[in-house]
Amino acid sequence: MTRIFLRDLRLGVRAGGGFGLGLAFFLIVVVLVPFGIGPETARLGPVAPGILWIGALLACLLSLDRVFALDREDGALDLLATAPVPLEGVALAKAAAHWITTGLPLCLAAPALAVLLALPWPGHLWLAVSLLAGTPALSLIGAFGAALTVGLRRGGLLLSLLVLPLYVPTLIFGADVARRGAEGLSPLVPLALLGAVSLGCLAILPFATSAALRVNLR
Amino acid sequence: MSALEVRDLAVSRGGVPLLEGLSFRVAPGDALILTGHNGIGKTSLLRTLAGLQPPQAGRVAPGPDRIAFGAHSDGMKATLSVAENLEFWAGLHGLRGGIEGVLEEFDLAPLRDRAAQHLSAGQRRRLGLARMGLTGRPVWLLDEPTVSLDAASVGRFARAVERHLAGGGMAVLATHVDLGLAAPRLDLSTFRAAPEVARGDVFAEGAVE
Amino acid sequence: MSFSTSFWSLANPARFMSLTARAVPILSVLAGVCLVGGLVWGFFFTPDDYRQGSTVKIIYLHVPAALMAINGWLMMLVASLIWLVRRHHVSALAARAAAPVGVTMTLIALITGAVWGQPMWGTFWAWDPRLTSFLILFLFYLGYMALWAAIDDPDTAADLTSVLCLVGSVFAILSRYAVNFWNQGLHQGASLSLDREKNVADVFYHPLLLSMAGFILLFLALVLAGTRTEIRARRLHALRLRERMA
């Protein structure tokens, strides 16, 4: 499992691995927002937590179709399924690698980008914390969606349609942590719920993901 | 090391029965060459033997943990070097002692730091075989292993398979090309599932009105 | 024949077809009678609400549609579980047939809700927790149907959509609670709520019950008819395969 995780990390940062694309996308979304809603700080500040969370969520979505599809194309998925590792472990390792290459950079970049959207100060900290707690759920849910659509040639659009409704609870709790943080309220309740969502995903989704993979390998 | 035994196997693809009543035995040190026209179910048979899809009927022994599957696409990552690719699979299969022996055995030692995308077709095939060697599993399943290889590469490939057999291994190959291996052939067209296709399909027979 | 044996005998496609061939027309007629009766009674023979006027009468469409939108998903969940555990093909096809009916019910609930909301709240749409939950449910239905449509092999499609339905159900419930939490966070206490049926007077209640029964019967008739169509499509698929192989 650790080996699959490390291999995916290495593949991610090699040429053509797509590392940094999600981050660049996130940056562009954040830069575009003021053009859409105006440059006034008074307007940007209140919507910043939500915009940053939606931007991060879409950036996560961007790289999901690579999670299993590349391994499916070159036959590695077949070989992984016949190797002496549980497929649940493969699913978990792949989701973890997706999080490290996509989710974690977003968490680190978000506070800096929050400056562009005039997020009030303590919000930066809580935004990073909420993304740290929430993006693992995004990667796990995304890996499940990727496993469902791995057998389809043009599964990208369908993948978004399947995954985005599943992102609703994570988005609600995550953006609420950041918003409350920015407004100076205590964000602990939504943060606890967000953590619960992530842990629940961690407990359940690898099994659903491997079940979907097994069906698609038949 | 026990022989590969297949008893009364029935194979399907996408719910459509392809082969049935298939039985054969491959003893240690032997190979078997599967023939039959395209679409007869060679790939589906190999995938069933490898445990990737469940058999419709019948038994395969030993289990998938003794069988190494080599599809036409070999699962090697283009941007990783030969050594990195092999180390990954060696680690996954819990192989101790490193990959040096396998690199030597398959003439890959000079290429160890080359990215897999810069290998020739023949080198790439040997890399695929080297991975199967790493698994330490006695039964090799090879699906069209010599497509796009020139005569010299086919020869080197066949010698690599022979070395595996000489060590007590077994191999089942699906191929149209004569590898020069001394191995019996099994024509799959005699095991073609009867034309009452989709017999397993509850909807085929009188399901409606 | 006890209920349980007769229920599981439906898993045989031939038995299912012969039983439902009689059941669908009966259910359709009953549904028609209940719906016409309930709606006419409700629309023309009940007094106007003293606060809401005649707009309240859309309740006879809105509430039963909302009821069946949720029960449609529940039925899909049960049918998916039966398919995963017992591998009855009819069950998977019934789940598939329930989705378009369920999504239509969700759409009716959303549209009638908007039409009702305009005179009541002065807006077609408010991000009330209930409305939002139905909108999310609508998206879940769309994803489920899109996955069915995208996969060629029927058994693979049945397996994958069943897994999606199970996971989706967990997330749908989670979304329901998340949405409640979210809206409280925005509005400090519910200001708009559709929780009105609790204090509906008897004079509205009886025709509402009748039209609910009508919607349930209509749902059953549509799902059974849809399942019959799916079974015929599967038979066509099997026959085509046979022709190609022969």
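Letters A, B and C name the chains as they come in the text, with residue numbers starting at 1 for each one.
To be clear about the criterion, contacts are C-beta pairs under 8 Å (C-beta built on N, C-alpha and C of every residue); 3 or more make two chains touch, one makes a residue touch a chain.
From a predicted model like this one, the values you see are computed outputs, not experimental measurements.
Novice: Weigh A-C against B-C on C-beta contact pairs and write down the one with more.
Specialist: Between B-C and A-C, contacts are more numerous in A-C.
Novice: Please identify the chain lying most centrally, where each chain is represented by the average of its Cα atoms.
Specialist: Centre-most chain by C-alpha means: A.
Novice: Would you identify the chain whose Cα-based centre sits farthest away from the centre of chain B?
Specialist: Max centre-to-centre separation from chain B belongs to C.
Novice: Compute the distance, rounded to whole Å, between the mean C-alpha positions of chain A and chain B.
Specialist: 37
Novice: How many angstrom lie between the CA centroids of chain A and chain C, rounded to a whole number?
Specialist: 32
Novice: Measure off the straight-line distance from the CA centroid of chain B to the CA centroid of chain C, and report it in whole Å.
Specialist: About 48 Å, centre to centre.
Novice: For chain C, which residues are shared contacts with two or more other chains?
Specialist: Residues 156.
Novice: Multi-chain contacts only, two chains or more: what residues does chain A have there?
Specialist: Touching at least two other chains: 218.
Novice: Show me the residue ranges of chain A that touch chain C in the complex, using the header's touch definition.
Specialist: 144, 148-149, 151-152, 155, 158, 161-162, 164-166, 168-169, 172-173, 176, 179-180, 190, 193, 197, 204-205, 208, 211-212, 215-216, 218
Novice: Please output the residues of chain B touching chain C within their complex, sorted ascending.
Specialist: Listed in rising order, the residues of chain B that touch chain C are 14-16, 195-198, 201-204, 206-209.
Novice: Within their complex, state which residues of chain A touch chain B.
Specialist: By the definition above, chain A touches chain B via 3-4, 7, 10-11, 14-17, 71, 73-85, 217-218.
Novice: Per the contact definition, I'd like the list of chain B residues that touch chain A in the complex.
Specialist: Against chain A, chain B makes touches at 47, 50-54, 64-65, 67-69, 71-80, 84, 88-89, 91-94, 131, 135.
Novice: Which residues, counting only chain C, touch chain B once they are in their complex?
Specialist: 12-14, 17, 89, 152-156, 231-232, 234-235, 237-239, 241-242, 245-246
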